[in-house]
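Here is the structure we will look at, set down as structure tokens.
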Amino acid sequence: MSSPTIHGIIGYTITPFSADGTRVDLDALGHSIDRLIDSGVHAIAPLGSTGEGAYLSDAEWDEVSAYSIKKVANRVPTIVSVSDLTTAKAVRRARFAEEHGADVVMVLPTSYWKLSEAEILAHYAAIGGSIGVPIMLYNNPATSGTDMSVDLILRILKHVDNVTMVKESTGDIQRMHQLQRLSDVPFYNGCNPLALEAFAAGAQGWCTAAPNLIPQLNLDLYQAVLANDLDKARQLFYRQLPLLDFILKGGLPATIKAGLRMTGLEAGDPRLPVFPLDEPGRQQLSELLVTLR
Amino acid sequence: MSSPTIHGIIGYTITPFSADGTRVDLDALGHSIDRLIDSGVHAIAPLGSTGEGAYLSDAEWDEVSAYSIKKVANRVPTIVSVSDLTTAKAVRRARFAEEHGADVVMVLPTSYWKLSEAEILAHYAAIGGSIGVPIMLYNNPATSGTDMSVDLILRILKHVDNVTMVKESTGDIQRMHQLQRLSDVPFYNGCNPLALEAFAAGAQGWCTAAPNLIPQLNLDLYQAVLANDLDKARQLFYRQLPLLDFILKGGLPATIKAGLRMTGLEAGDPRLPVFPLDEPGRQQLSELLVTLR
Amino acid sequence: MSSPTIHGIIGYTITPFSADGTRVDLDALGHSIDRLIDSGVHAIAPLGSTGEGAYLSDAEWDEVSAYSIKKVANRVPTIVSVSDLTTAKAVRRARFAEEHGADVVMVLPTSYWKLSEAEILAHYAAIGGSIGVPIMLYNNPATSGTDMSVDLILRILKHVDNVTMVKESTGDIQRMHQLQRLSDVPFYNGCNPLALEAFAAGAQGWCTAAPNLIPQLNLDLYQAVLANDLDKARQLFYRQLPLLDFILKGGLPATIKAGLRMTGLEAGDPRLPVFPLDEPGRQQLSELLVTLR
Amino acid sequence: MSSPTIHGIIGYTITPFSADGTRVDLDALGHSIDRLIDSGVHAIAPLGSTGEGAYLSDAEWDEVSAYSIKKVANRVPTIVSVSDLTTAKAVRRARFAEEHGADVVMVLPTSYWKLSEAEILAHYAAIGGSIGVPIMLYNNPATSGTDMSVDLILRILKHVDNVTMVKESTGDIQRMHQLQRLSDVPFYNGCNPLALEAFAAGAQGWCTAAPNLIPQLNLDLYQAVLANDLDKARQLFYRQLPLLDFILKGGLPATIKAGLRMTGLEAGDPRLPVFPLDEPGRQQLSELLVTLR
């Protein structure tokens, strides 16, 4: 399958809510997408972890999916997360995203009951068989409760033709080494504080919500790697690392929404039970952002 | 708050599906409830982990909830699991269950983004404040991704009046010791292979799907404990332990539905990506059931 | 092989040091052994974790081993821990203990480099083949760094004739269930706060340093289990649990030596880097001991 | 304190044994040291994990320590591991090494009983206070059973003047980030398959036994990093990674000794219970070494 060339900085969008939390604020979503694209990111990824995809009703998910793809309007590729607890609903979302123009869909095997390897493989096969666009396999046990070993990932790559990319978010660099050695499929880093080392190890791109706040630093790091300038990449990485650590520790929806508000884009709060960033956290974030400007 | 006396064997119901998996089979659900009550269980708990509550649409959840409560018809208390990823939806379910006559609601803090202790506490407080019936707090990090320490549980008990029972499913007996020593609130065991020791440690009851298959052995174990007959309890426990291990390892919806089918009650398969029990598993289960009759 | 009947409360001895920490105080050791036997324990176990066996020179180890066996003088069986990092030194210790009259030797596979299952099996086989007395296999990954699965333990039992007892100290009751179901070999509990449940699950004995401080409560718990009186056993267990938790958390050499000092037996301090119990700890221990008298 | 500039490739020596395993083969040790220095390593580190320091008698340890320092003869700095279970014995070894001319001593807090932070700090303070040469703090929970957090390491650096270097072997790159951000003290990588990323993150050196087998590749990787050539460093790293993974997985004493034998230097086998490399392992190692020449 010919696949769009996904590389570089892949910007994850938040899902803005109205002040009372009951509605999606599409207007704010549009602004956030424009800001990301104008800043230079190489792809847009709606409805991921940052986008609170798991916290939306089906109707809201459809609304955000269709609107995001249309708003991006092929300025850069769009990668839509279509994860759902049941295979049937994940298939429905994947088809919906493809029909509305997504370039790639991303699939995280969320779970309540622990899944066997055969169940995970069948889940990917069912989704892959129902669409024509490529799939970015996404491994993130911290949120999904399902950890896919590199061996399992390689089996899925072999059995499901349109799984053509891997996003690894365990933060375990040894898994990236294995992917690099054992497969031709490009891998992407989803762990912010691993950005430098993942590129050193050969990652094709960095899936991150950080460009909502510090796009230039993210892009500069990638450029330094492309320019084979390790010293500069290291310097740029350590400059942004305090912010990367902060948004990981504070939770992406809470910290990114707070940071957007500080930069003039009102995107509401995360949905409860997830709290918005508290006052000490906002103070700290504000200081971090000032330092990085 | 005066609370119904929940004790003994609390039977968890499966949620039967039609052959094509798209509809709930209420008729089969009714039969399974009658069988449990006729066998002598002391309470009925619909929509828990066994009941695939997480895999149902909102409409299906409402349907199963209302039907189950009505079918039980106060023959024994009904404990309805109302867990949901967002606080708003969990509150809605809790109110729905109360309005339809549930005696108790059970709350597991499911998560995508890891929750802080303050977020978990606020989640329970919001649900507790919106209903008048008691809440059974449910800790099961293996499925929910959220582990509540005993300290946190004690704080929730202190701050939310109608949290009056604790179901502990980590399988860590030391947590039950702490609950017994540090609180007057009754605790219940949700880990099947810990049944003997949890009773030894003072558990008020055993939350289990096993009575769908071997009710008499489950009830006899409880009776032996009440009769202070440790030797008999040990003997009864080891007799049923192979089955308890089997249903835990094989997954409750898959193994219980397969077992019900063997005993003449067709309840369909679990929803994908969860697989039904495979042929070697069915063979093993069949042999276990024969041995126990 | 005919094996001495090891059962009940197996009392672990500390190794007393002189005030400056450089010498073993054999006189104090003799007193502590007499106290344990006079209190009614069913066996004596020198040089275990409590006995700081790992912190002694070879000459000190020999001295303590020979003295302890002679002092016990067959009033009860003696179980000598002979663990060492190398197989050669463990064999030497096992032979030494046998020659000096030990009834049983206990072997924990300590490690620096992680051991494979084949290496652990060969270690037991080498020791077993060099002596004629029975071996109590000891699993305690928290101190040894080596965790032996039940499967591995069963393989060792099958291949090494004189491994005829298993001491399980992981605190995982499910392992005891497996040992009970899959083997005729008696198992012993080495995790103090699991005392009640281990007996409920069928443990033949309790390996513990607690009888240095509260022998009657330990013995009463065992008697209640023998008398099939679960209610009484539960009551006795919860009565002593705060002390059992305290000595586990505070470290056995530090807490037992502090407690002995409070009861008039000066046994010195643990060897550095292990600290003696600090003042708040001594205060807490003192209060616990008062409560239990 | 003025500290020798330790940087680059720090080569770890094995401890050769006679064919029957009972004696140290000093002659072979001397050859292995000469080979390492002739190949260009920047420092020599005897008696570490690779050197089976934990498996030696005190007399053997002294013999190897004194001989190694004398043999190196200041051609490069010598870093002697002086770890021992008791503080008293570790102090003795540290003094011995200093008296015999070691430039640096390395200290790993090995444990049987888990150590508190205060105990670990006091252990380092006692050793530091008894010698005049600098200490390289060594964190390796996989072998020592003691994990030192970055916070604890920073406290030790602050309180013990001559702890002036940190060797981190958890394989967790985030700890190196913290050390780089929060301290001026140089850190060294002790996890072979993390070599590329540790240098990318700013490690001053790589502590490794690999130069016994593939010194030029190790040195070339370091040179590429110094030359700011990330692409070349990545290429060199992936070339040697299969061997690095192999020696980590197979255990350093077993694999390095087998590899030395293949290259004409007989160094005996590891001490039991550690097995020498088995035939399939030797075959695999031989193929890896052929590929890398």
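Here the chain labels run A, B, C and D in written order, and each chain numbers its own residues starting at 1.
One rule holds in what follows: a residue touches a chain if its C-beta (ideal position, glycine included) is under 8 Å from a C-beta of that chain, and two chains touch if they have at least 3 such contacts.
Each chain and its UniProt protein: A, B, C, D = Dihydrodipicolinate synthase family protein.
Keep in mind the model is a prediction, meaning the values are calculated, not measured.
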What chains touch chain A and also chain D?
-> none
Farthest from chain D in C-alpha centre terms, which chain would that be?
-> B
Any idea how many Å lie between the Cα centroids of chain C and chain D?
-> 35
Distance between the CA centroids of chain B and chain C (whole Å) is 39
Would you kindly tell me how far, in whole Å, the mean C-alpha position of chain C lies from that of chain A?
-> 52
Among the residues of chain B, which are close enough to touch at least two other chains?
-> none
Looking only at which chains touch which, which shape fits best: line, ring, star, complete or other?
-> ring
Can you list every touching chain pair?
-> A-B, A-D, B-C, C-D
Considering the complex alone, what residue numbers of chain D touch chain C?
-> 21, 49, 54-55, 85-88, 109-116, 118-120, 122-123, 126, 142-143, 145, 251-253, 270-275
Which residues, counting only chain D, touch chain A once they are in their complex?
-> 171, 173-174, 177, 180-181, 193-194, 196-197, 200-202, 225, 228-231, 233-234, 238, 241-242
